[in-house]
């Protein structure tokens, strides 16, 4: 993990303009707010956070589907926007959340999986056919599905097709945006196992976005916790799960309901008010819900503080408050 | 009930487990076929339309008379079922021309106008709608504004005015209708494109590196096609009815071209005395438009079952 | 109905203005005859001129007509009728700047001059023998004070005249209610008998018929021949047919204004067109009634409308032969324009098609067609002309063959004859030269005159009325049975 | 809210301007209006004089500008045909069209909404099929033909209703049916689809789970939501209807604005046609605007933000 | 546990006519529930959980038919009850909350209206009293400044708040039974924990019985007294929560529990257990064990009649041909 990062975000901000209701005026919505992030080769970076905090937006920026409003994205140290989109596409591929909408219903599985080859004009028809069979086999689908259509498949099978499509060009980085959240647990574990196997086999780097902390813990090597467009804590998976620092990370961890009977439902100690991303709270965005909020949290935005294996953004750990970093 | 139950057989071959079937469902094609043949309205509409289309195509072969041959001495002869003779099965019109032959040739006019007008407006509207839906922003603003302008123009009135200025003829009527009826295409295509654009497979295609035209052609278009076809049928019906109305008001296709609207208009004067002159072409028009609408409605059900109850 | 002494009448066309100088419609003439009076009156049956608002008249010289006015006549608003009214009316309408739409009816007058309260002189621009006819027709007398105050627009919405009927209300274009003028002077029109006339505009013939059958209309006119025939068969209504002066003809571009290569520049082609038309059948099967086949460029009853000109009988074979001779053995294709009577036009086009003249039918509004016509872009068209019911050949043939913008023949010989005929005061000279012109027109087949029109009047058997041949409803001649 | 209304109004004005410009330029292509004014039987001099008098020899943009600036003062010029101010003429005719439009839309709503609701309550039932048939037939029925048939049946054969005119309410029955029936299918389908959607919505299930009686569920919880798009459709349809009453008015001899438009086209009465196109589009614009406002009022999601 | 159960269901069967035949969505399930007890029904998507709950409430659409040899709610036969009877039960004695808080509230009315309606439909109280109760309940479900919230429309609230409103609405009449159909699936994890806690607290306080439907075994483990595992329309295993999690017996239950990674227990990056294959179609006749196509313990006998086996003194019931859910070494796999 000491090598140069394959993927790096530098102070990336993405702002949308949204209109609320019919009479609303357009207002800026900062979906990602000055985020810096590094992804080392072979790493699995888990990205967790509440719905609407900007995880998917981050994924889209990385994929080049959305241009950042400011900041830059570097792949292997090169700026992304200067690169040929198609070149980028060979290196970064996505797997989306909804296996039902991520496959074109009008195309056969063979068409869907071979699309990257055709777009990039790789090989001839016969070699493409071979490549498709090969990759289908790798993701655990029988070759006979080649001539079927997405509507004929189950969710898990579709997600396998999506994975096959993402991997057929042998990319380095795969961005998984909640790849299992639409699937039943019995299928989820198949997909997770598959992703784990593929990582081994192809030496892939993952950005793994999920709601499900248990899954993240299982798969990730590093974890970034996002809240309202900011990465509030980043750490190795062991560090985060053993000693979460940010109160939000703490709350997230304590909300994980493991199948252990008799332990009851934990108290997360979070307020019930969900902040409006268009009009985020002042100071530390998290302060209205924070059980350990201090008066100045409402005024001053915290700055990133280094931790042994990452960083945290919280006044609790700010030197100026006299608190030592653990 | 138990007919489908597997019976333990003595044969060595392992009996197939019924639960294993249907792991892969029917193909989209099979499903479509199943739905088509299960949809009465669609079948009736389509078959009627095909029959009318066939009649229009082979009009010269099946028309018993020259639709233009006038015989002022045998004007307004009644159809057979009203006591006329078999020479003119549906009677003759006010200039003694064979009504049946004119109806048969009239099918050509209606279908031609409906088809070409829908084609023209379909091209315009689809291009605008897809562009607006896919690119959004300025393009969308301009297209939406144009749609607004178009909707605010009273179609019948503007069509009448333009036809009055340019003189009625098949080409003018087709052109005017084609240039006026694109609004629904634009609206529907815009909405459909917006919907499809948000699907993840479009994002996936972009992430793969597909070019915009390729995405439009292979990812977007096939998925808005069914909506498009439905609008085509609706607008075809609309164009046919508008042409008939224009002709009825005397500003559509010009005589002696046998247009059904014109026939109603010409028969209208004698409506009190020879109502069949109006009833027959009107009914044929009704049947044609009904068939197209049934087909369109059916198509909507058949191609997009998710929109159904 | 007789029961409420109200005659309900339908007009087909929306009348633009009731002011008779500002409309050119038949309906306008009908109202004009009811609301206003002319100085002179022509008996529609005997065609004799008698005094109306004038009691006597006399040509002082070629261009001056002196009239003695009737005394004791007053307008509907009480304004007395005298020389001032005549002078004002004539001077107003004769002034082109005032924009009377029917200029033909008035532009022969130079001015009027008051001699005394009941004597006026009308000065014509040139010797104008038809003056008496016009004074007994379209030129009606308006109240000077009122007209000066309200102008044509006011007159159109609240007309005031001396006529047998007063206007109760005008809903422009839609609805007109008239009431008998109980103080109507003892003129040649006689006293009105029906108390109230209620006129509505109903554009649809079917609707008119439906209302007639329902009893909500008492009289309709201009009923198409087919319907009139059927109503007659029903037997419940009086159907009366009268001929009109309107003549239907084909105008051809003999002068080559729409292109020198235009086939109609060839005499043989024009003759072929004339031979292609079965006038008898058109009249018998389509027009019916009192229509007649026409061979001259005027209506037979018109003064000077000679009838012994060349006639072209129906002979499609000959037509084809003539076309072949002219170099069109397979016929040719041409635009064919019309502006009214679509079914007649269709039938005519069909006759042309039968001899090989393939027509590209264009039905235009009158104004659009006239626009094209004036620009000389019409190779052949179906036209009609009603001569404003003026019983003089000048009202037709001279309108079209004197090298005006509508003249597609541009024949100098014809022009010369018409000039003489139009300006001469000697009836014999006029007759002779009209005959020469008409003969030349027929020989050259500049037109293909076809038929005269007729009008059907249908009314309930409560109504007693004898329609006249000039296509004018005269309410004052109607009465209840 | 105010901002929204202002923006919406701005858009409306822009649309109206564009429409008026398009119609103006379209009609400018038409035959020489001077001839139309002069009427049948005028000679060349008359026509030339009129051309000058009315300024038809000037460039089109100039003429448009003149027309527009006076139109803003509700002065649409004088009808070439009637020689009356176009504004008066239209004002006079509009009442009939408005009555017809209101009756038509009411008829359509009265027929379509209950049918749509019934059809949605029992999908695939007889009622649903009948409603569907009525709507498909309504879409396919040429309105001129339908009008003629109604006249034959009700005015001629049965003699129940007058065939034409606008004297009493009875005169409006047949035209209302023809015009309303034309607008009915769209409204019915939307009601049906809306009701179907709403009836399967979670909040309707919630209402049922509360133990609400079926009537309350249908009318308080379902219809209220399903009717929102119907209201705006009805407003839009009404806008279309006023512009589309040409055929109906001409068949039933209702001297409304639609009939005036048709006749004016025939008479080349440009000022009237132009003004009518503008008026009809203004109606559409106003009605869609009202529909939006009404929608916003009915739908709390739009009311507040 | 000597009193008679609040709810007792035997042989509940639900059939849905579909284009290609009859969908036997729920096939003869049995369970019962005591006052104040929490039953969790867990199972994969499409296994029939929601249908079961709707069938109890009498809210299945007209086309769907339900049968049961017994469906007794505190003395009322839920299947035979008339519409009126059901209406009086619904909302008053058995209440329900749904999965989607975003769409379960009527967008056209204020939440006050909707809360008050719930009470007025069943209790003869004045509006003012109903209002007071609404405010009190909103406060109870943790909504601050409750009185001012009454005038708000659903769209003005976030998902978590809406679900709280839904809960308050369900509790307006103090029901004996609360059915919650995946009440937290659409919510974020932190909010899920809050809502579940709230539900558990309220249930204790009001001594309600609760049926909680979910597919999240974590949730089940934390709040269930009793668990019913549903697979393809059948309850393949039912029993006390502790037993089910500590000693899962049915192959499906075992497979399910093995599928989820448990922080701290499952080794990071290690292989998770899987259940291969997919849920079978239930259209047409379904015989034998529906899980046999995915079951590693399947034997030919799985196609036949499946016996009900009870364990742990009748507290745990499983549907399996194997006594203990495991194939004996001597048996041949199917």
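Each chain gets a letter, A, B, C, D and E, in the order it is written, and its residues are counted from 1.
In the analysis below, a contact is a pair of C-beta atoms (placed from the backbone, for glycine too) under 8 Å apart; a residue touches a chain by one contact, two chains touch by 3 or more.
Quick caveat: nothing in here was measured; it's all calculated off a predicted structure.
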Touching both chain C and chain D (chains): B
Chain hops separating chain C from chain A, counting only touching neighbours: 2
Far-end chain from chain A, centres as C-alpha averages: C
Pair with more cross-chain C-beta pairs in contact, given B-C and B-D: B-D
Mean-CA-position distance for chain E and chain C (Å): 91
Whole-Å separation of chain centres (CA-atom averages), chain D against chain E: 53
Chain A-chain B separation of Cα centroids, rounded to whole Å: 47
Of all residues in chain E, the ones touching two or more other chains: 278
Of all residues in chain B, the ones touching two or more other chains: 164-165, 268, 271-272
For chain D, residues that touch 2 or more chains besides their own: 30-31, 148, 156, 250, 266, 268, 301, 304
List of chain B residues in touch with chain D within their complex: 41, 145, 148-149, 151-158, 160-162, 164-166, 237, 241, 244-245, 248-249, 251, 261, 264-265, 268, 271-272, 275, 278-279, 282, 285-287, 289-290, 292-294, 297, 309
Residue ranges of chain C touching chain B (in the complex, touch as defined): 205-206, 209-210, 213, 224, 226-227, 230, 278, 281-282, 284-286, 342-343, 345-347, 349-350, 353, 361-365, 368
Residues of chain B that touch chain C when the two form their complex: 68, 70, 72-73, 75-76, 94-96, 164-165, 167-169, 250, 254-256, 266, 268-273
Contacting residues of chain B [partner chain A, same complex]: 24-28, 31, 199-201, 203-210, 214, 218-219, 222-223
Interface residues, chain D side, partner chain C - complex: 30-33, 35-47, 49-50, 53, 81-84, 89, 92, 148, 151, 155-156, 159, 162-165, 250-253, 255, 259, 263, 266-268
